[in-house]
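Naming follows writing order (A, B and C), and every chain is counted from residue 1.
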Amino acid sequence: MSFPLAAKPHRRRRTALPGFGLTLGITLFWLALIVVIPLCAVVIRSTGGGWEHFVAVGFSPRAMAAYRVTFVSALIATSINAFFGLIIAWVLIRIKFPGRRLLSAAIDLPFALPTAVAGIALTALYANTGWIGAHLEPMGIQIAYHPSGIVVALIFIGLPFIVRSVEPVLADLDRTLEEAAATLGANRWQIFAYVIFPAILPALLTGFALALARCVGEYGSVIFIAGNMPKISEIAPLLIITSLEQYDYPGASAIAVVMLVISFSILIALNLIQGGWRRRMGDS
Amino acid sequence: MSEVTNRRTNQRLPAKTKIALNATLVLIALTFVFIVVLLPLIVVLYEASQEGWAAYVAAITDSDAKSAIRLTLLVAAIAVPVNMIFGICAAWLVTKHDFRGKDWLVAFIEIPFSVSPVVSGLVFILLFGAHGWFGPWLQAHDIEIIFAVPGIVLATVFVTLPFVARQIIPLMHAQGRAAEEAALSLGASGWQTFWHVTLPDIRWALLYGVLLSLARAMGEFGAVSVVSGHIRGETNTLPLHVEVLYNDYNFVAAFAVASLLAGLALVTLVLKSLLEWRHGNELKAQNNS
Amino acid sequence: MTIEVREISRTFQAHVALDAVSLKIEDGDFVALLGPSGSGKTTLLRVIAGLEYADVGRVYFADIDVTNKPVQDRGIGFVFQNYALFRHMTVAKNIAFGLNMLGRNRRPDAKAIEQRVTELLDLVQLAGLGPRYPNQLSGGQRQRVALARALARDPKILLLDEPFGALDAKVRRELRLALRAIHERLKITTIFVTHDQEEAFALADHVAILHNGKIEQFDTPSRIQQSPNSEFVQAFLA
């Protein structure tokens, strides 16, 4: 059924609230202009040099190494964030202590701080002469200009996603369930493991996926601290820029398409998991 | 939701153990946040002040820095209002009407969120770059988009597209349509309904979304870096200027300019916290009737 | 104003809400649409109001076809189940809303609007509460404001969707009497939706019992009780 564009008195109308035609037009127009057409350009361009070129660049050894570096670093960083982020969310919601408000505000800093600023700050901090790097160097741990620098930068970037995803669910938790478990003899750790943790697991997974997706695409905070050495500490976004500088548009697009597929896969997986949980728990 | 007081949970654990446990957790949380989040911020301020006040002021007032500030503000002044209007249109469409494909539409709006900033810049090079789809046409008409201000604006618009929509759609969804229907039944037109009934109900969430998109617009680096060409004094936003200075080994100046951005981030956080504190219940998609 | 609906059908995805419903309501009548949830009574009310559109069928107000007329132009007053008061406006502003939205040439001047608001506050027995905000009022008071607001523009038809559903028994009884009294005074054609049989039979001149999107019986309360015309009606009344 087609939707009328404006209130015409003699046409059958479907929706009582006005503005459908106008807002549909504007929304679709803007989305097409800013999102759809540009993204189509990437996909189409990536096939510009033919399938062989796509595979040659998009799956070249250097590119595969870049994907590996990107994805593995993101996975490690996000896992660390999952652990500490959970603790932080717990502390913010369940424990009253002075400075709680400040801590909560601080969590959002990685959201608000421009990535370039984070990049140079982290490099200064973890370089061999930096405040933290200087202490780690005697132990033989190098962070700046090494793959581990990428992980450190991604920890900074991904932390808020975990904390902010878990917090509301933790806050809305039904305390009477915990009390019921206690009356049935469960101790503190059992209550956490069997009552609390399962309830917040979906939120934790959501935060995990969001942080992972963000980390996989991260550029600004990583390029300063990573060594950017091909196959060792070169992240995929940097490889795209390198290809661009060589005017290899199809190549750059190929890598971009692979990255888009990875990001969307993460999000689709997330949606499926969330849907599965909702069905199991009845979405109460 | 009431907090379970210590007296009640003590039944599960001796008081001293519980306090020790809580203290440990708090300590872990504070230490982690201090090292991961706060130290970088402090480092920026420290490094920026390494050569004294005069050098700091010089770095942030030199002509390239001033151009960068102007460009950053210009880009934000265009991208934010435009995406705010988009966000409002999209939210009205999605929450006040029913149609097939609504979920797909919302998913499309979320796309810029999940795309790497570098890809966000790449897409516009592919369209408007010298070898892009429209490249030859643009060159023939002497229009510059890539490596010029319009390209930066476009990349920023792409990146900040979902911010306002994301903020107000859940809220408007939770608020339902009854108020708008009531207004219509009382004779208000669509515009009157939106202006007098819908807008007041979403104003704080709208402000919140605008704040977030403003912070992002001014701080965006990856996408803008790809389309800008890094031409000093012309196509450098503040974040790009930081990079340029840093790559020139002009560390103190780089951190000085970075401190401006850090200051901006702090202001954003303060305003954000204020909004959450004073109007928290009007931001969340709960308890709205 | 007489209301007539002819062969109204409305389906939501797989669920048939209204199935070729026809009904004629006389001017000044007080009608209850009664039925269990899912029977289609609210949908029928909203189609009459113009908040929903039927798939097939026509709606007539005083023999004029209003089927495709937008809700703003139908000259109705609608009272919602959850009041739908405008949270950011005072009671007075809420009630005056319909008048303030009129075009420049039709809008009464500020003094006249103020007077009308006072009149209406008196009518619903909330005199003096103009400057308050909705969240400062009790449920019963909010519903009275919703009623006053719906009446501000002198509608020819008053429609109420389970207006007393969210209120406790005592307040319900008070509001029922108030509604009936207002109806007597204004002689306005009134339709209200309820699932409460006692309420319907106590208030209405005529009751339409709906079931699965169809009208089982439409008659005065006493005649329905004396001669229910179907098993469903019999069971419903029991």
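Just so we're on the same page, contacts are C-beta pairs under 8 Å (C-beta built on N, C-alpha and C of every residue); 3 or more make two chains touch, one makes a residue touch a chain.
It should be emphasised that the depicted structure is a prediction, and the values quoted were computed from it without experimental measurement.
When you average the Cα atoms of each chain and compare centres, the chain farthest from subunit C turns out to be A.
Taking the mean of each chain's C-alpha atoms, the chain closest to the overall C-alpha centroid is B. As a whole-number value, the distance joining the C-alpha centres of subunit A and subunit B reads 15 Å.
Here the spacing of subunit A and subunit C, counted between their Cα centres, is 50 Å.
Here the spacing of subunit B and subunit C, counted between their Cα centres, is 45 Å. Shared interface positions of subunit B, i.e. residues touching 2 or more other chains, are given as 181, 184, 189. Taken residue by residue, subunit A touches two or more other chains at 15-16, 18, whereas all remaining positions touch fewer.
Residue numbers of subunit C whose C-beta contacts span two or more other chains: 50-51, 70-71. On subunit B, the positions that touch subunit A within their shared complex are 1, 3-4, 8, 11-13, 22, 25-26, 28-30, 32-33, 35-41, 43-44, 47, 85-86, 89-90, 92-93, 96-99, 105, 108-109, 111-112, 114-119, 122-127, 129, 131-133, 154, 157-158, 161, 177, 180-181, 184, 189-190, 193-194, 212, 215, 218-222, 225-226, 238-240, 242-243, 246, 251, 254-255, 258, 261-262, 265-266, 268-270, 272-273. Listing the residues of subunit A that touch subunit B in their complex gives 3, 15-20, 22-24, 26-27, 30-31, 34-39, 41-42, 45, 84, 87-88, 90-92, 95-97, 99, 101, 103-118, 120-122, 124-125, 130-132, 155-156, 159, 171-172, 175, 178-179, 182, 187-188, 191, 213-214, 216-220, 224, 236-238, 240-241, 244, 247, 249, 252-253, 256, 259-260, 263-264, 267.
Interface residues of subunit A facing subunit C in the complex, by the touch rule stated above, are 7, 9-16, 18. Looking at the complex, you find that subunit C touches subunit A at residues 50-53, 68-71. Note for the complex: subunit C touches subunit B at residues 49-51, 70-73, 76-78, 80, 82, 84-88, 97-98, 101-102, 146, 149-150, 152-153.
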